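Going by the order they are written in, the chains are A, B and C; count residues from 1 in each one.
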Amino acid sequence: MTGRIRWLESLLVHAVLLGATAFALYPVLWVLSLATSGAPWLEPRLWPWPVDPTLTRFVEVVGPSPDGRWLFGRQLAGSLLVSGATALVCLVLATPAAYAMSRFDFVGRGLTERTLLATQMFPGVAAAVPLYLLLDALGLIDTRTGLVLAYATSAVPFALFQLRATFDAIPRELDEAALVDGASRPVAFWRVVLPAARPGLAVTALFAFLTAWNEFALAATFLSAEERFTLPVVLHRYAAEHGARWDLFAAGAVLVSVPPMILFYWLQRHLVSGWTAGAIKG
Amino acid sequence: MTSTRVGGLALALLLVPAPVRAEQEVVLWHAYGEVESRGLREAVAAFERAQPGVRVRLLAVPFGAYASKLESAIGAGHGPDAFIDAHERLPSYARMRLIAPLPEPGLAVRLDLDPRHIEAVSIGSQLYGLPLALKSAALWVNEALLPVVPTTLEQLERAAVPPGHWRLVWEAENAYYVAALVHAYGGRLLSPDGRFELQGPAAERAVGHVARLIERGVSPPEADGDLVRQLFGSGRAAAAISGPWLAGDVPPSMRVRVEPLPAVEAAAGAPMVPYLTVEAGFLARGARQPELALALLRFLATAPGSLPRALTGRQIVASRAAWEDPRLGAEPVLVAFRQASVRALPMPTHRHMRQVFEPAARALRAVLRTGVEPGRALADAARQFDDAVRPPPGPRNPAPLLVALGLGLLVLLARAVRAARQPRWRAALRASLPAYRWVAHALLAVGLLVVAPLLAGAVTSLFVEVGEERRFVGFAHYVDILTGRGRGLLSAGSFWVTLGVTVLWTAINLALHVLLGTALALLLHRPALRLRPIYRVLLVVPWAVPNYVTALAWKGMFHRQFGAINALLEWLGGEPIGWFARFSTAFAANVATNVWLGFPFMMVVALGGLSAIPRDLYEAAALDGASRWQTLRHVTLPLLGPTMLPAVALGAIWTFNAFNVVFLVSGGEPGGSTEILVSEAYRWAFTRGHQYGYAAAYAVLVFGVLWLGSRFARRRIGQRGAVS
Amino acid sequence: MARVSLRGISKSLGGQPILRDIGLDVPDGAFVVLVGPSGCGKSTLLRTIAGLERPDRGRLFIGERDVTDLPPRDRDVAMVFQSYALYPHMTVRENLAFGLRLRRVDPSTVETRVAEVARMLGLEALLDRYPRQLSGGQRQRVAMGRALARRPAVFLFDEPLSNLDAALRADVRVEIRRLHARLGATMIYVTHDQVEAMTLADRLVVLRDGRIEQEGSPLEVYHAPATRFVAGFLGSPAMNFVPARLEEGRVRAAGLDLAVDRDERREVVVGLRPHELVPDPSAVGGVAFHVDVVERTGPESFAHGRVGPVPFVARLDEATAGATRPGTELRLRPTGPIHLFDPIDGRAL
């Protein structure tokens, strides 16, 4: 009897989880089938299977440009570079600061934290023009450096929250042991605390990477050389005013989604390491 | 070690700014799609051959970012030498001084361009651009379905087509196309002095006619350009109102012809007159190579520069000489479009023209989707138009504000000095010095590149841009917003109503995020659950895919006719729903999308929280005789709380400002009612004539609301914490 | 190896004084135990010596050097933490070698020292494991090894045994004592466990509310507690305290009447250790002990009950314990000193 109930319960659990999975995947499959359909869909369609499957869209998106250069390759490499550099710069900026906020009590810490939170609350709608002028004054318009700086700094507040939680979860005794063992503060930080914080760092880097990887408006405004365009800009060009090519847009979207998916898969165990460890301890 | 060094080197090389432009390089920007780009590229190549030593850098800018990119780039001196855009933007470009008049006023005439087109790109006697291509709609006819070309719209309405086919496919919710019908009924969209005229009997009759077309199944509902192309291209429509770009979607096997738009019997046989848009090459202000740029534009306007654009790019080129070429004469579709363009009405060259489309489209959707009576919908549109183009507030004297600011600063300074004198504070400051070394660079960077632009943005809320002038208007924007722009605090689209919608939006989303995320986490956390790793991976997919992509996918899924959701409803035996016709369903569509986007985050946070709850607590609860529900209620959920709290707080802020979803899915439909504060701010900044000051005031108000909300929440949570 | 001197060390945190004017001399090679209840400041004091906390006032010397303003790494001290604080991303070998590497000791020396320490603590088989692969006792030994490998002038222990089970704790206690004997190094050890304190210390420092309450050899402190607090803190079960009146060379209270060698008249608190009482029915006066419960632990038995209204504990020999039923009244005679304390300030009289 109980065996039967347990079996039923397990069936129910799997039914719910399967339903949720279907919910999670359905729109994605829709995009995928749009990208792989050789013919337009003209019926209301329930099942996201491609009509007349083909991979020509991908070839068209990825293939060489009319002038024979492999522009997509350069743009992909550029996107990876910008996003990777954003992650790196964001970590370089945020990690020491988050460490200090976790370990030191200093005048102005509360104000700093409130300001960081405030940046998340303030819509950036009117900030794009000042940011453009600022980067222009620094001579960084139409450079990847400028874009990386803009992305990295905008990712810093969230990175700080997350890294701070990560560091809070690492016992202070660890740093202190290193200090007594003969390390200076920076050495203890570099050789003991950072290695212990690796999962949190990786996840923070992932989010910073995604900030840059998915951003469209700033990239489109700041960059004026085609070979430097990031992939979202390339993708949005398929959404022209007349003759938009949503099939190519979908194919491009599928390609753009691959690196984040890989990173998520790779880091999924650690996705919230910082959040939870910090909260439970307190 | 070596690999990181090589990587660093590669990084350094790739991050180096672009090399200085070669002397003989001229830069041309456009926002063309694929086919037109190809034609333009060929034409430019011909120019390069004709002018050895000159290189043209063509840049295809995404259409969505074109105007703001031109504005910021040219304003800062990083713009192109020349760019291509539609003529009706000329007044606003001229007003913002983004373009320079052409040096030879008689140039266009000498190039033998059509005087009507020249007039469209001139202000007074001043010539600003060279007409390159024409855009106007015509009637595409599928001869297999419509052997006899109808001469009137009514004939077309009566034509017999097989079931499952449409008689006429067109973007009936797009004022650009509907204008043709309005013109037939003797109305117009804009008066020459820039007033909204899509009102009155003519406009109402035209809109009523459009509604009948949909009602009677002549035309498909909720059709966008994509659908028009797909339906006509697959032979499912007898006729289409569209531009020459449709050619790319017509298979070679299909026999089609292009005719001028038909006459309308109900309008006393007057013909439908579409708008004519003249795409012109403009000379950007601050061009580095003005002579070369002019030479390029000139070349593009001549026959050799036009033929590739016509033959490869399928453009209706403006050059009259080009049409004498036999190769063009052999293109019946292009020729037909050119003929149609002769009858088309050049879009008024008034800076308010662009502001007509958003309110007009809203009115059309209201009529076509919701069945609102045309007169009312158009009156609403007129009101929205007036809102968007209302005259800027008068200048104020900045002195009182400056004095107040100065006093405030003085008070702060005095307090700082007093604090600095206290020995305890000084000791604390000294003790803080080592910490500052760790945070300084991050705070400096964030302060410079995040906080300063935000503050500068906030300051723009005190100004208005009138052409090139920046006028200080004090708190006029705030007063305007908070008083509902003089239309009652609770009128549609007022700040307070939008605030209510935003709060509702945030609360519902957050509740569902937490509920769904926690529930799934609890299921996934069951011991001995099979397939757990697979579920876990698949359930976070929505988080990993770029959200602008999936938001668009959701929008498509909610399409009335072809969307998967309605297909599902029908499969389940229900009736299809016009999702964006009512507030409740449009709001629900937005929520569904945002819940989909946001639940994986909460789920992962909850999973982390669950795995951190010690197992012996469950055992203790079991020994105490707690049922599973009681264990959940009294052990699991309370212990999960602290983990979820920071995530919920950040989630609330993000949801409150989740402009992407609202903007892309419902677009504020119906009638702007599902707009949230941030998307409203974006509309003022980008679709209502770039009113940055006004948008900035919205942004500041959003910030204020969130700030108050967070303080309130903190106090409430603090109290609860104290009680427990 | 070095002497450690503290001169007038004071520290507050958030306006709350933690250490108040601490003066202490730890002779070279001594084993000093800082003991006291939680919150007495003993850990803060140890961390101040390590350089992890900065005193607000006072100076600190290690050897002849004033190290008050030096960072931990320049003090030549090693510390064993309560949580062990092993570096999770390093193997045992790397953990042991880390301090030496930081000091740029040449690799061959590092290797010899690690091997030596591993042999000394029986860690040879664990050298390539990570901390998470070790048991609690093994981790504790690695933590000690990490300090030993450094050969510092001063060893600091912050409750290093509190995470071990009782049996292991006794073993390690002996081990530490043996190490001290072998190395002859200065060791400062913090604990709240009075058994550890008594067994390990050359010198015992009892702290209370940020002050040194008493300092001396363990037996000195045990037998001659300077205050009622110290008397109550050391010894298990704790000393019995009975408020009484001193007059005519006797202390009297309900159920208590003892002769003392004093001729004042005043209120006092009488302190009697449970171990220093024997039943003596023939005694004149003595202690009238009403027994409630007898606890028999094997070698010893303790009777809990009351003297007058005051709770009281006494050790009983096997025979008496076997014969005593709850509810009986025993007459006890002190075999050790009778401690007298001031009822107000707790000082020994």
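By our rule, a contact is a pair of C-beta atoms (placed from the backbone, for glycine too) under 8 Å apart; a residue touches a chain by one contact, two chains touch by 3 or more.
It should be emphasised that the depicted structure is a prediction, and the values quoted were computed from it without experimental measurement.
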Chain whose Cα centroid lies at the greatest distance from that of subunit B: C
Chain occupying the most central position, where position means C-alpha average: A
Rounded Å distance between subunit A and subunit B, as computed from the means of their C-alpha atoms: 22
Where subunit A and subunit C are represented by their mean Cα positions, the distance between them in whole Å: 54
Approximate Å spacing (C-alpha centroids) for the pair subunit B, subunit C: 72
Junction residues of subunit A, two or more chains touched: 185
Sequence positions of subunit B contacting 2 or more other chains: none
Parts of subunit C lying in touch with subunit A, wherever the complex brings them together: 47, 50-52, 71-73, 77-79, 81-83, 85-89, 98-99, 102-103, 146, 150, 156
For the subunit A and subunit B complex, residues of the former touching the latter: 13-14, 16-17, 20-21, 23-28, 30-31, 39-46, 48, 66-67, 78, 81, 85, 93-94, 96-97, 99-101, 104-109, 112, 115-134, 136, 139-145, 148-150, 152-154, 156-158, 160-161, 165, 185, 213-214, 216-217, 220-221, 224-226, 228, 232-233, 236-246, 248, 250, 253, 256-257, 260-261, 263-265, 268, 271-273, 275-277, 279-280, 282
Interfacial residue positions of subunit A with respect to subunit C in the complex: 171, 173-174, 176-185, 187, 191-192, 195-196, 198
